[in-house]
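To start, the structure under review is shown below, and the notes come after it.
Labels run A, B, C and D following the written order; every chain starts at residue 1.
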Amino acid sequence: MAMDKINVGLIGVGRQGTNHYNNLLSMPNVNLEYICDLKVDESWKKKFQNIPHVVKDYHEVLNDPSIQAVMVVTSTDSHAQIVLDAAKAHKNIFCEKPFSMNTPEDKIRDILHVVKDNGVKLQMGFNRRMDPQFQEVYQGVRAGQIGDPQIVKTTSRDPFVLDKELIKRIGGLPWDFTIHDLDLARYMMGSNITEVYAKGGTLIDPTLKEIGDVDTIALVLEFENGAFGLIDNSRQAVYGYDNRVEVFGSKGMLKAENVSGSTVELYTKENETQKNPLPIFTQRYHQAYVDEVNSFFKSIIENKPVVADGVDAIMAQRAVIAVDESIKTGKPIKVDPHFTL
Amino acid sequence: MAMDKINVGLIGVGRQGTNHYNNLLSMPNVNLEYICDLKVDESWKKKFQNIPHVVKDYHEVLNDPSIQAVMVVTSTDSHAQIVLDAAKAHKNIFCEKPFSMNTPEDKIRDILHVVKDNGVKLQMGFNRRMDPQFQEVYQGVRAGQIGDPQIVKTTSRDPFVLDKELIKRIGGLPWDFTIHDLDLARYMMGSNITEVYAKGGTLIDPTLKEIGDVDTIALVLEFENGAFGLIDNSRQAVYGYDNRVEVFGSKGMLKAENVSGSTVELYTKENETQKNPLPIFTQRYHQAYVDEVNSFFKSIIENKPVVADGVDAIMAQRAVIAVDESIKTGKPIKVDPHFTL
Amino acid sequence: MAMDKINVGLIGVGRQGTNHYNNLLSMPNVNLEYICDLKVDESWKKKFQNIPHVVKDYHEVLNDPSIQAVMVVTSTDSHAQIVLDAAKAHKNIFCEKPFSMNTPEDKIRDILHVVKDNGVKLQMGFNRRMDPQFQEVYQGVRAGQIGDPQIVKTTSRDPFVLDKELIKRIGGLPWDFTIHDLDLARYMMGSNITEVYAKGGTLIDPTLKEIGDVDTIALVLEFENGAFGLIDNSRQAVYGYDNRVEVFGSKGMLKAENVSGSTVELYTKENETQKNPLPIFTQRYHQAYVDEVNSFFKSIIENKPVVADGVDAIMAQRAVIAVDESIKTGKPIKVDPHFTL
Amino acid sequence: MAMDKINVGLIGVGRQGTNHYNNLLSMPNVNLEYICDLKVDESWKKKFQNIPHVVKDYHEVLNDPSIQAVMVVTSTDSHAQIVLDAAKAHKNIFCEKPFSMNTPEDKIRDILHVVKDNGVKLQMGFNRRMDPQFQEVYQGVRAGQIGDPQIVKTTSRDPFVLDKELIKRIGGLPWDFTIHDLDLARYMMGSNITEVYAKGGTLIDPTLKEIGDVDTIALVLEFENGAFGLIDNSRQAVYGYDNRVEVFGSKGMLKAENVSGSTVELYTKENETQKNPLPIFTQRYHQAYVDEVNSFFKSIIENKPVVADGVDAIMAQRAVIAVDESIKTGKPIKVDPHFTL
């Protein structure tokens, strides 16, 4: 499929959908044809007067034959159905993570079959894979710069505890946060997870227990290739958004340190000071959000594999479920590394 | 003057004008109404079909009463006349550096009077002042973080020797390169230059002598407040675009190191490696080019002083002329720090 | 006890004993009176002619009433007996780690009682506690710079796989290596370990399985205060001796990065390179080895607590045993955080 | 000359002599046989009872045929005579910098002839050449890592203004401080200085003018190979002892940054902080002081060239005199790069 511009519909324009909306507008090869959200009313049409169609029902987007790709950024529980419908309508699909939180794997498998049978792309929104720092590490690992990877470590710490109502909607720490680390660790390692042992606690805000959530997680992973992984998460790093990756191997180590955006050093009588890491994920991953969508469109145009697909969604889901179970049972949980469509 | 959007004419669309063109397009509060260039022909109108007016004669831009600001990015020898005409036409003016290379100061003074009498802004394109790293240093110095500044040091090294034909057009190393360091050193110091002693040589490409140019400069400055400055320039740093600033004072030191954009560290048997500084000024100063123009528009909208004005142009010109003379005569050259309109 | 110089006997002069021997010689307030080793013969007396007494039987050292302190650097299985005899002989004791590998805790408790009853000091050789970098982190944590510690992470990677015969003598990876991380993590956290879950593998040298050892360990800890720890170990980091610590807390984070000893940066066409971390523990911990012994002597002279005592030995031993068991059983192992003499 | 141990006499035990004294004691291959100082009285003999001979008259040292090397650390005005006498007495000589401040070059040439004719070594105390960081840079430059060196930059800033009485004795800023930068710049460049232009001012302590001294220096150098140098000096960097070197060349750049000795990073709500550079030259250059003396003894034992010889002393002296003259006259001063014994 050769094309100059790609016609896109954006389904879901909440917190994360707005982020994608702004990025889509800045992409020269994108015609954003549809804004679609359950909350659409007359005020939206005014607000988005630059967009040809502002609709409430996503079927309107899917029924438009000119639309080549949809971005599914709705609430998690609606992902499965919309992806299924979009695939049937022959639309290429970008779907935010997680694919689901409680959909049985059999049902997901069926959806992936429909995706495959209709010859459309399905890309999952694991944006960190496309972060320029992490991509540089990933490319280095794949190029053999560190030999066989043996240990992967990721750290993700948010700058502040989210509102509990928001947490209830988007899922607890494992579904919101750890899922990215699990996916990134697996991506870096190039091998599937076979076991998870996770500890979780409420060291920051004990009232999170009321909604069954934790604010601190430390876990150890085993991979199919025999390698290990270590992940730590916190809901509150007062010094900013802390996201780092380290991959250690037989021939060396690759690390991506935090990004502050500043190279300024101040020396005073007391000490040397530098700027903290960027304060929040929207700043740190701005480029990643742009790049993942560009990469999705490029996959469509050049008919190449997407950077994160449906199997990646299933593997991430299995690992998160294992994290949840491990925290609750206090036991290491085996994860099935095998999956065939 | 309160305004939602600002109507802009871009005069001169060569190497640097194209850079500004792309940035102007991405600014949400800018209506780019005119593209103006001596080379405009039918093909330009096709190429810039998204721009309402594509013209050859800059008077057309100046005669349009809806235009509030012009960007003068033509060849240096035409700056003075266009700025004069634009001021008379009551347009706010952004003018690329240098203001001129051979215009007598009296004539520049007359032009600045016209600018002043017509109540328009004139901002010079000293983009480095708005580089985020250098701004951070500047703000720190102004906030007193390092007390009284005593020594300022800047390093500017290009990644490769420019084409000699291009050098002939834009001026030798002092006019193309050192002028930025001189302006930045003075900006950081907050005091005018009173003396320059400069050494220049052709250590990289001896054939530059044929066009009266050098490829390496090292100089020492004295400022009106008694402080000193050191600048070094090279036309060829094989490791990338090297631009750093250090300000030392009675209570500390502020430094802005190079920007590589990467935080990735690779450890192998041999050593640790990191990415080089960004390869070229267009990458390093992308944000600075955007920010200086935004700052210009903000100065117009909020009726505030511009970040670099006509007096800054004159002071930079005096210093560059002194550098030229010092290199040629082998003597320290006094620079008059006083100027009153 | 006020004293100018302290009379010392060194018991055990193998690999690590020689290290201490050289350091003792350079300490101005130490009279090294005895060299004692099972291998002592006539050649030793010649080699150590600067030392007053070179003996085979450690009882000779203990029977000399002028000796105030002994350094026990013999093979691990002899530690318990020598420490017991030394305590009975009223000698202050520095004992290399580990205290033992198979001595039942009851027996150790009895020895610690003798130590206490005889009013002598017993310091364990957990040298990393006294590494200047780690001390700086420790002091910062204790001073409240990062608030309540919530996550501690340590990395220890050796530069090459030890000889299997040596491993058999000094114990496998948990006893040689992980014990330091466990002790350091507990030291930093200021809380006892309550659970260990450890994964171990032979990713580097599969023949280590023959002697029941591993070359790679990744583990997660739980502390009595509810906090978590992550440790990773490798027998072979090709880029040098990799030892880092990170403590994350409610008010910030403290990290100690590796030490290369070099501040030199080389920029070439390809990239920027810096020197690798120091190649081996004897270089990285040279100052720590000196400081821990000086600290021991200072504790004696000023009658202050030692930096690592018998209880620390027991806590470390419990944790290592749990690591061993966890690796073997694939289960998380509870560790008793309580101990009273 | 093959020798196990070398018999040394230390002449001059003031501020710097005491530094050397302590280092000599820690060197296993040195017999420090003589302490010699004009202030020697009975109390000295008690204080230095571990040294065989404590004498007032340096001729006693020179007359002892067992002495192989002398360290001349007396006041600068006595260097020339003692070096001359020592050379005549066939002693190898380590002489602190500067060799002299007012001795005519002809007279120095005569002394160097005596040194040469008597076949002894004369090493000047340009300790920075042996600083491990700067040696690494030097070795890299010599190995061609950066191609042809084109620009050398050094920064030296003391942590506080010295007592004026001390300054009067040891010479002003150029003789105490800048001389090291001039020597190091020339050492790195591998080419002699041909011109100096220096600015000096009293930006920190105006009362230094009373003794004809300055507290801030900025200068530009030209080398015989056409390359340039930039040096800046300050008597007061409140953040510690600031000593850095940068060499830029046709194939890259080598930099030695300051040494703090700490790799600890503290992240708090406000920013990231690290430790300042080491506070004073005795700490920063401790290893350099040891290494330069060891290198001297090695030159004697292996009969190899010293790291800094009499010609280096003359070249440094010429450059410092030029700095002095340039500051006073406001003119660039030519320096003769040629010297033949």
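To be clear about the criterion, contacts are C-beta pairs under 8 Å (C-beta built on N, C-alpha and C of every residue); 3 or more make two chains touch, one makes a residue touch a chain.
Computed from a predicted model, the values in this text were never measured in an experiment.
Novice: Please work out which of A-B and A-C is bridged by more C-beta pairs in contact, and write that pair.
Specialist: Result of the comparison of A-B and A-C: A-C.
Novice: Based on the averaged CA atom positions, which chain is farthest from subunit D?
Specialist: A
Novice: Taking the mean of the CA coordinates per chain, how far is subunit B from subunit C in Å?
Specialist: Result: the chain centres lie 59 Å from each other.
Novice: Taking each chain's centre as its mean C-alpha position, how far apart are subunit A and subunit C in Å?
Specialist: From the centre of subunit A to the centre of subunit C is 42 Å.
Novice: Distance-wise, how many Å sit between the C-alpha centres of subunit A and subunit B, to the nearest whole number?
Specialist: Chain centres of subunit A and subunit B, defined by C-alpha means, are spaced 41 Å apart.
Novice: Tell me, which residues of subunit A touch at least two other chains?
Specialist: 237-239, 251-253, 267-269, 275
Novice: Mind listing the subunit D positions that touch subunit C in their complex?
Specialist: Per the stated touch rule, the residues are 26, 132-133, 136-137, 140, 145-146, 251-259, 261-269, 275.
Novice: In the complex of these two chains, what residues of subunit A are touching subunit C?
Specialist: Its residues touching subunit C are 148, 150-151, 153, 157, 195, 197-199, 201, 203-204, 216-222, 226-230, 232, 234, 236-239, 242, 248, 250-253, 330-332.
Novice: Quick check on the complex: what are the subunit B residues that touch subunit C?
Specialist: The touching residues are 237-240, 260, 267-277.
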